[in-house]
């Protein structure tokens, strides 16, 4: 076995290293295009495909190889279909790596049943479940979204600083929302705060008045909404404002975005929150790039860009599309040392790597990978004023 | 006294007003399925998608109108789009009947076959709708948002609790009342309406009396589609339009229709309100309400909630199942269920 | 089996072979695996609908119960959680059981308004008592390391055993549902079972102490070795040496083939039993009842009891399939159970295949799952080609391509309608042998 | 020539024939009654006359016109009217609406006919606003007959109008039927209560196994010893 395997690897390495040889590299974009979060998926896919196009057009990637995205539907609700789609991407379309999956449930299924067995590298832009930190991944799974545990602590700090002692909490009823809500609640209560109610809401429903009624009855100075800004989270905020239940909202990562401000309007002024980010202008640059390419940078769209970029930069650094080789480079291109890389600078990064230099990919979501290959959790504290997201500070 | 007023305003604001609007939307939906059931005798699982289809046309028509500067501010433009939505849905549904259902009617197929056929139609429509407009949220509301906002109400009355009434809620209720009024007038007073009820009552005798089955079926589909378009548009206007939502709405609508008595229009309306208010009131947390009306020491520590909001949708199913088991003919139906 | 029955199977296996040759063998096998599971589900529905004319739209709920069985059977117990809240949960369970018994007894003894009042009172008392006992226990359980456990865990038994348990869970639920709902006429039964399945899933989603709710249980034990570990084994190395394929591909193909083997065994057993039942006097009676309930009832057949038996059996088969699926996924994700995928799609399989015929239901499941999975790439490909004339940058083309995955709904619906119209008895129709 | 004439009808619901050369007749103001044992094809004969059964042979004429190939609804507009044995009213419609539906095919003013029906069945006038489903069995039969009269038919066909009503109500119903016949309508009815029915019958048909066994006036049939022994239970 070792012989044939070694042969394949060496042939692949040889092909990749042969000067002037330009191949087509495929990257799988495996997201929940149908199902309850189907409305989030297109923007995320566009984010990943933006990075892929950028790399492909640069001409610098692995001696001029082109990169094309191949989409797959992980459905979010159907582990079987997700696995099959991943299987198809890997074994039939022959993708070199996968951006995805989207929901934590589908992600674990794909990882266990398709990616691990086939030795494929996956970077999820959006799976945040703490369970993924401990899952067996053979060094093949990374995520650009931070684990929820860290975010809870940061939010609790901010609440404390604002002098909040009582808060109501609602979360989207999936592993992301539930995990985040639990971590916020425990961190906040450790600091002596009170969570008056910790209630879920379902995404993809139209009506949230009953949920808001319960939240309002429980009371609290602010309402923490651990949801998605274009799903139930938006509905909750809207219904809470409409009925006068709450005026101030605490917005975790899934809720911060221009879309929410656009949808809700000036009533959102005074609300505050956090989202992954560091002292860089990556997010703004990405937003502009997205607008130029005709899509709205929704939730996890920047992360998807970063996920795709990281995969490609790691391949470039390793000089190979063999997962066994480049999986070790993902962390090194994401972290220091090296030149900081923002969105739109992928060509530059590829060139540096080609010349043997180092890069520290910052990207649209201020990527910093720690521990088991997940985002370190640098957060940007923001406040909404005059219909704009104003950065207060970095944490 | 002021406490009592506050309590009243509180529960009106958080339970009664939203419940009323939601109830109207369910009632309109339930009327649509109940009409089809009465005349064609099957549960139309595709009805949710018909609502979605109507709302989708309303969204497109609204956009076109908005682009051309047509507006009836402070009312939402979508009201002007409503006729297009109704017309579009009717045409689509009649085409479906012609292409799909008619065949099975002529075969006098079993009820279950009709249900399965409607599931097939549901699949096709679900896919088509998402294919055309995409799976995203579409906001098409414009005009004045509030009749009165919570803040204004507080300033106006000096009460601690606010009462917000959204324009869309008022429109929902008014439109529903008009639609239901027209429907009941049609069914009770016109010759065609009576012939429809007669056909629903006793198909064979209606045929014997010279009532044309084809015509009745045609009218039933037309009414059902029109109601669905109105319900879907109102739902989208009040909340926001998203295809996935309607798939989830089918069961509460069936619940409403069955609670009221499948085939009974009056029952459908009553069922809609029963389901809506049950969902809201059973999952309502009465803590603050009790805080106003009870002496302080009596106020419970907990939320005073019968059931967590997690189970909101389960409430409709529990009522549905309970009705089927205890009184399968529904609350407002004199005919036997079998 | 005649030609009409053999042909669809032959075509299907050709399709699988084509997938293997054109796409990849491990993909072909993983599609085949889901096809086999779907076939078991379809057989369950066929038992109920094809044999007895019972409309069960609660497939989703029974599938989920099968999945729950895997968690409760195979995952490791969490002793801390048992310590924290085990007694409370058990006590609450006891209260509920006692209340049901009491309610039944009261229901027998009293009539009229007294009965309604007493039963309602018992229910309320039980609710209050059970929740007061349950809530602190639940809180304690869920507080135990919530990110990794936070539930009672399972029994730590072999995962294959859970398939049987899944069948038992589903059968138990079906018994209760059937006992109270089977008297309803067809469409009411359909809606009632649909409602009950939603309630089952709502409970699984929200009761974290039971199976972690939306936090999902991941990393369930597998009956097959992990590919990565397998590649370290000596026997595997020598095998890989001997075969002309890469070791990665070999390992995935082997593991999938292992699952295929297991599923084929289960499917074969159930198919065999179902066939035996179909041609037994019992099966003939069943169909007699289906075709003319009044006459059969007049002939002294206890229609209600027959229906209950077949409802429980069919549901048990679905439960087994649910457990198989969760085992294959290696995780239990209650949030993913949705009627469109887990109820209606299975019905489409039975109808297309040919209700009343076990071979038909099986091949229907094969084809429908294959189409469901392959409609996406094929749909994308077709739309891509069909919209080429619009130009590469056309927004319409972009929009259509990005919505291409939705094509699977359209394809499924159209196929269903076409079959219902032009071959209403399915690919392999019921054989009219008496 | 009678106003309604069914000649040598032969046919069935597909498969074996149920009727064999069955002949029936009724004229203005006459009551014709079909009696016979269970399974003799009484209701089938009635349905054949009304066109709810395909005839292989024989023909049906109404006022001399051949209606054999007409659909039931078309026969209604030709002047035939049929009251089924069961499910013969619209239960959730009011009495008045039931009558209105009876006259659905008519384009002219139906008020006068309705008044006539109310004259014939005074109890219906009283209950005109009540849903028919809430009426007693006998009253429901009156609604059913009233509904059938709304087309101003030449021939009224009744399928066991007294099935399941008490003897007192039965007598009253027969009285009403006589009243209806007196307005000049031909009545053809199937009856289970053979004796009472033959008492009011101008013509009586005894069917056995889908064939005319005896045909005579009602009075004569009642006197016929053989008929009494075989079909009227002594």
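Per-chain residue numbering starts at 1, and chain names A, B, C and D are given in the order in which the chains are listed.
Note that in this section a contact is a pair of C-beta atoms (placed from the backbone, for glycine too) under 8 Å apart; a residue touches a chain by one contact, two chains touch by 3 or more.
Remember, it's a predicted structure, so these values are computed and weren't measured experimentally.
**Q** Count the C-beta pairs in contact for B-D and for B-C, then report the pair with the higher count.
**A** If we tally the C-beta pairs in contact for B-D and B-C, the bigger total goes to B-C.
**Q** So, comparing C-alpha centroids, which chain is the farthest one from subunit D?
**A** Computed centres place A farthest from subunit D.
**Q** Give, as an integer number of Å, the spacing between the C-alpha centres of subunit D and subunit A.
**A** 79
**Q** What's the distance between the Cα centroids of subunit C and subunit D, rounded to whole Å?
**A** Chain centres of subunit C and subunit D, defined by C-alpha means, are spaced 56 Å apart.
**Q** Can you compute the centre-to-centre distance for subunit B and subunit D, using the mean CA position of each chain? Integer Å is fine.
**A** 46
**Q** Taking each chain's centre as its mean C-alpha position, how far apart are subunit B and subunit C in Å?
**A** Those two chain centres are 31 Å apart.
**Q** Which residues belonging to subunit C are in contact with no fewer than two other chains?
**A** 205-206, 402, 406, 408-409
**Q** Note the residues in subunit A that touch 2 or more other chains, in rising order.
**A** 34, 36, 42, 173, 200
**Q** Check each residue of subunit D and list the ones that touch at least two other chains.
**A** Not one residue in subunit D touches at least two other chains.
**Q** Which pairs of chains touch one another in this structure?
**A** A-B, A-C, B-C, B-D
**Q** Give every residue of subunit C touching subunit A within the complex, in rising order.
**A** Listed in rising order, the residues of subunit C that touch subunit A are 22-27, 30-31, 34, 37, 146-148, 205-206, 208, 213-216, 218-219, 226-228, 231, 236-241, 244, 246-249, 251-252, 255, 325, 328-331, 333, 335-338, 341, 372-373, 376-377, 380, 395, 402, 405-406, 408-409.
**Q** Contact residues on subunit B for subunit C in the complex?
**A** Those residues of subunit B that touch subunit C are 42-43, 100, 103-104, 110-113, 115-117, 119-128, 130-131, 134-135, 247, 251, 254-255, 258, 308, 310-311, 313-314, 317-318, 320-321, 324-325, 328, 337-338.
**Q** Report the residues of subunit B in contact with subunit D in the complex, numbered from low to high.
**A** Subunit B reaches subunit D through residues 191, 194-195, 197-198, 200-202, 204-211, 334-335.
**Q** Can you tell me which positions in subunit A touch subunit B when the two form their complex?
**A** Interface residues on subunit A, with respect to subunit B: 34, 36, 38-39, 41-42, 173, 197, 199-202, 204-207, 209-214, 216-219, 230, 234-235, 239, 242-245, 263.
**Q** Which subunit C residues qualify as touching subunit B in the complex?
**A** Listed in rising order, the residues are 53, 55, 180-181, 184-188, 190-192, 194-196, 198-199, 202-203, 205-206, 340, 344, 347-348, 351, 399-400, 402-403, 406-414, 416-417, 420-421, 424.
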